[in-house]
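Note that chain A is present in both complexes that follow, paired respectively with chain B and with chain C.
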Partner chain A sequence: MGKAHIGMLTDKVINMNKFYSSKLAVFLFAFPALLLFTVFVIYPIFPEILISFQKNDGFRNMGYVGFKNYADVLQDKTFWRSNLNTVIIVFLSTFVGLPISLLFALVMDRQSEAMRRFFKFSSVLPAVLSVTVISQMWIAIYEPMWGLLNSILRALNLNNLALAWLSDSRTVVPSIAVAFLWQYLGLNALLFYTGIKAIPKTYYEAAMIDGAGFFRASLKITIPLLQDVTKYLLVLSILGCMSQFAHVRIMTGGGPGDISRTVVYQLYYVAFSTSDFGRGCAIAIIFVIECLLLTFVINKFVAQERIEF
Partner chain B sequence: MIRFSKLMIVTIVFAMVISLVACAPVTTPNNAPPADTKVSTGGTGQEQKPAEKVKIKFLSLSADENRNNIRENYIKVNVEKEFPNVEVEYDLGGGGQDYANKLKAYNASGDMPDVWFSEQNLSTVVIAAGNALDLYPYVKETGFDQKFKMKELVQPDKDGKLYCVQPGADQYFTPRLWYHKDIFEQYNLEPPKTFDELVSLCETLKSKGLVPMSIVGKDGWTPNLHMVQTMIMAEDPQVAIDLVSNKTDFTNPVVKNALGRIQKLVQVGAFADGVTNIDYGPAMEMYTSGKAAMLAMFTWELGNLEKASPDTDFVPWPSASESVDPNDVIQYWGAPLSGYLASANTKNPEVAAKFAMFCAIQDALYYNIEQKAPTMLDTGVKIEEVSPLLQKNLDQFDAAKIKVPSMWAATFNAKMSAEFATENSKLLTGQYSPDDYIKAINPVWAENFD
Partner chain C sequence: MNNKLKILVNTVMILIGISFLFPLYWMLNISFKSKSEVYDNPFGLPKQWVFNNYRDALEKFSFLRYLSNSIIYSVGTIVLTVFLGSMLAYCISRMNWKFKGLALSYISMGLIIPVQVVIIPLLIMTRNFGLRGSRMSLILPYSAFALSSCVLMLYAFFRSLPKELEEAACIDGCNVYQSYFRIVLPVIKPAISTQCVLIFMNTYNEFFLAFILGAEDKIRPLTVGLLNFFVSIGVSHWGQIGAAMIITSLPTILVYAIGNEQIENALTARVALK
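Then we have the complex of A and B:
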């Protein structure tokens, strides 16, 4: 290969690098995603804001009502209950679910290859199953007369604990949260596991020489170095739980009454069931603000300093 | 950087304009069918060959056996004979709230199916949005209106338009308290005549390890469709009549007592554990499998119950006042806007209107033939070999002196239906007081007739 040829190749590489770092290239690559994002995310927000100031039944604007829809929403007890339910689901799925997923990941890391394969398969399975299947399975588990949970409790002579899980106001929301938590437990564990695999083995070898066991190594090395994965899962889990709808729709329909409605379910109910799209859009806008605030808080306070390893 | 930002802004604006155009409601002229879409005249058998088949979309309920049978065994079977030039796309909409929301979503887009089935409260929403076709000219033209025993069912609305055609089967449907004779004989029990007897019967059945009464509790279905009204009528049928005609509201003491009676039934364990989550199918299965001794259900299930549980019998709903004879009062289903509607935006209004009438006839045929039940729409089928249970039902229906239309079917708008369902679902927990119920529902009721 001649010098001239090498020179040509070098020029090509330089030109390509120039192109890829140019704004035009950035625009061309980002354009399809940007277009979809604009059409399906940005654009709908504008009519939604407009409708939130109208008396609107979904078909026609019956006049502008100022901030009345927002005032109605903020004075509605069901809206605040739906917020509380959402917080309960977020709390259980995030602050109970994620630690369990992390524990699974740590245990998975210590297993044999065959065992790990089994763990990986069973981790992904619930996440790829349809929400309907998962919800129906949990409805069967929670069924008060012949469901698995109550059958076990009765077999253990714990009849007092055999409740109507999805009809009792005390248990319905945590029961839905458990179903949701269970579905993504494995997938989150797998993501944690991927993070663990990226940590250099030398750190653990050094820790072992210093006499650190599994618990200490996990606490001092693994968990701190997983901060990026943790942050990612935290955002994903919190926002995923915030927009919880399908499990509630299938498992309880928001009931009994309005007891298990989440914010998104309440939005759906107000807009579609009562045909009050003005108030429904007001809930949507308030919800968007809530989500933005939460994302801001997470970004501000969680894992700000990047750890390089 | 400025040029880049400008480029981005132009892109976003372009995308928004495209979205705006794409999301605009579909408006198609509804009175100009294409020249090549001539079809059968709705059952006369005199059809002309078109250049190509006309396609129409039909949305129907698909969560209960009767609706599925009508669609699968009558509409689908006979449509080719009656409409050889029409290709029907069947859209299965589920049932209950799912169906309601699907129809509302169609309505919001303005892109309705050509023909669909809906109850009164949903029909009013579609009509208010201007999405329902006036069927009156087609009804007159085909003589469909002459087939009705009750002419009110095919009379135009106040605006001179007729938006719905129906089989007229609903007017014979009424809620009954069904029970297994075998279970009652086994435990030497008598069917209840009064509400107090019903309560004590439920307590006895519960002590025997049975579910006393199966009801559809999900979304408060049974109280929504009849139990609240049944309990009102058990004490004073006039209050139910006044409610239907907006002469009283939910603060009426009789209404409060009625709600209290449902609460009492929950508290004595009349219904299955977790009743608020029991759907239509499981509730029926609970009764037909013998796990429940009684069933609160409409007579549209009579045929199915006779087949699944031959030991089934019924009693009129027990009264809660000495002045009310249970045999004298009856609640009937059916409403002027409960049936088949066609879209105002359909490309083929004539085909859609005739298909809607065809569906109403098939619906009536199903009830006449399969259920041996009479309909207001005369199909020409003579109902013979009526079962003793059906005859008993018809005799009691005809003999009842006071017949009250269903509040749910004939009176409620979409918001009232939704809030009523929410309140009834809460009532079924047994921990929700009638006072809280009335406080929540009365403001919604005040807006119902706006």
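Then we have the complex of A and C:
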């Protein structure tokens, strides 16, 4: 390499440094996004903490009341019921929904190309349609007199199982959970499938030589190698279910009575229907702590190391 | 796997696969039934085809207003988020400044703060800013909450780009702004279109914020407008409900039918990217 060439290279490096170090450019590129993010995502937490210690009807602060709002919330049976409902929805979506999605993805991997195209197309459709449409459809499915579910049960001579799904306090929350988990079943399956496709075929060839069938190959190779995807879907699914609101609002309005409220629904109800913003903010703060704890637990216990192929 | 089990598993999977298409069939089906036929024959094909439901639904349901609101929200959020987010991502991945690591962690916090948590202060803020009842009261929070995943994804993308790209531009005498908008942005088009699809899907179907902040009918998007329509006609006339659902879903279904491959790729991008 000649001297001239080296000189040119250093020039270039110096130029590039100047290029990337302009304070004005950094400001213009970074500031607007950080400002927007700060104002609408981070900043609101501060007034929220403040209001949670006030008696506040949404328009005025009527004095600081210490931890009274928190004490009220924690003594409220409806709040605990809403936590239980949220846990039921999280549990069903995560520990029933995700395994079905995984199985679906494993089977999809074994199908012919045409079949796979059909599955790929149909599986995302419920997630693409709006919650309003999907929830309304489930209202019709659960309808006690002529709904699809009860029609099928009656045709199978299971008359005593034909319940009023959405107005029976025993079935209402699981029924909502099923509607919710079904809507994202296909999308989650597609995400698992994308993960499966990324596994090099050589892993399976080795297993085939050892005589492993579908189940052994899935258990020993596919599922362990899907750790990253599984972790991603766990976080997504759990946080998504935690903040469940729309399906409940549309399908039952939190009813019958206050039986099917989720935490976010309870927050909405307390703040906007009873105009108690102080208590609403207390619920929000407790809720965000719950979310942070859950995220922490998932990160701590699931899939520590990254897998590289 | 033995054969009987294989047939069983396949049958179940095909049934689940078909269940995903059921909403389409069901909506179309009831939208052509008269008020009384829905109760007598809720899931079979209509015995008597009724076409009035569409006309009646369109008369009572301001579809075009809600649709245009939904489109304004989606497009506005996409433009704002992608414009600001891509600049921040570029700035963090390429430029020299002290706090870029901090900025990246800071913006990642958005991934674990659900929008539901800050709804009460957001409502008070939109009132104080004088944004109540304006469309910006939804576009700004939508964009702010969409920023985190947009920045993180584009940041990963920028890091994989070779620096020679800008070096060439620099030698040609471009300044940093020209090189960014003329050279760099066109190169990351695939990542940006993925972001557009993701943000569109989230915003177009968003319910919670729209339900609470969109208090006035004139700024409501389709998701909330449709619910109000259901409530206003009661659950009595399922034929009209079906027609309204078909009209509402038509844009989404058309977009999905044309671009389903791109949409699938966008939705799975985060898993595929790693």
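FYI, the second predicted complex is superposed on the first by the 273 of 309 C-alpha atoms of A that agree within 3 Å, B and C clash if a C-alpha of one lies under 4 Å from a C-alpha of the other, contacts with A are read in each partner's own complex, and residues count from 1 in each chain.
Keep this in mind: contacts are C-beta pairs under 8 Å (C-beta built on N, C-alpha and C of every residue); 3 or more make two chains touch, one makes a residue touch a chain.
The model shown is predicted, which means the values in this text are computed figures rather than measured ones.
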Winner by number of chain A residues touched, once chain B and chain C are compared: C
First, second, both or neither for A:124, with chain B first and chain C second: second
Touched partner set for A:134, first chain B, second chain C, both or neither: second
Partner chain in contact with A:144 - chain B first, chain C second, else both or neither: first
First, second, both or neither for A:269, with chain B first and chain C second: first
Touched partner set for A:39, first chain B, second chain C, both or neither: both
Which of chain B and chain C A:227 touches, first, second, both or neither: neither
Which of chain B and chain C A:256 touches, first, second, both or neither: first
Chain B versus chain C as contact partner of A:166, first or second or both or neither: first
A:58 touches, of chain B and chain C: first, second, both or neither? both
Where chain A meets both chain C and chain B, residue numbers: 23, 34, 39, 42, 44, 58, 139, 143, 145, 272, 277
Chain A - residues contacting chain C, complex: 12, 15-17, 19-23, 25-26, 28-30, 32-34, 36-37, 39-42, 44-45, 47-48, 51, 58, 100, 104, 107-108, 118-134, 136-137, 139-140, 143, 145-148, 151, 182, 185-187, 190-191, 194-195, 198, 213-215, 228-229, 232, 239, 242-243, 245-246, 249-250, 264, 267-268, 271-272, 277, 280-281, 284, 287-288, 291-292, 295
Contact footprint of chain A on chain B as seen in their complex: 1, 4, 7-8, 11-12, 15-16, 18-20, 97, 100-101, 104-105, 107-108, 110, 125, 128-129, 131, 217-220, 272-277, 414-415, 418-419, 422-423, 425-426, 428-429, 431-432
Sites on chain C touched by chain A in the complex: 1, 9-10, 13, 16-24, 26-27, 30, 38-40, 42-43, 80, 84-85, 87-88, 90-92, 94-97, 103, 106-107, 109-110, 112-125, 140-141, 143-145, 147-148, 151, 163, 166-167, 170-171, 175-177, 179-180, 201, 204-205, 207-208, 211-212, 222-224, 226-227, 230, 235, 238, 241, 245, 248-249, 252-253, 256, 260, 263-264, 267-268, 270-272, 274
Touch list for chain A against partner chain B, complex: 23, 27, 31, 34-35, 38-39, 42-44, 46, 57-60, 139, 143-145, 164-169, 251-253, 255-259, 269, 272-277
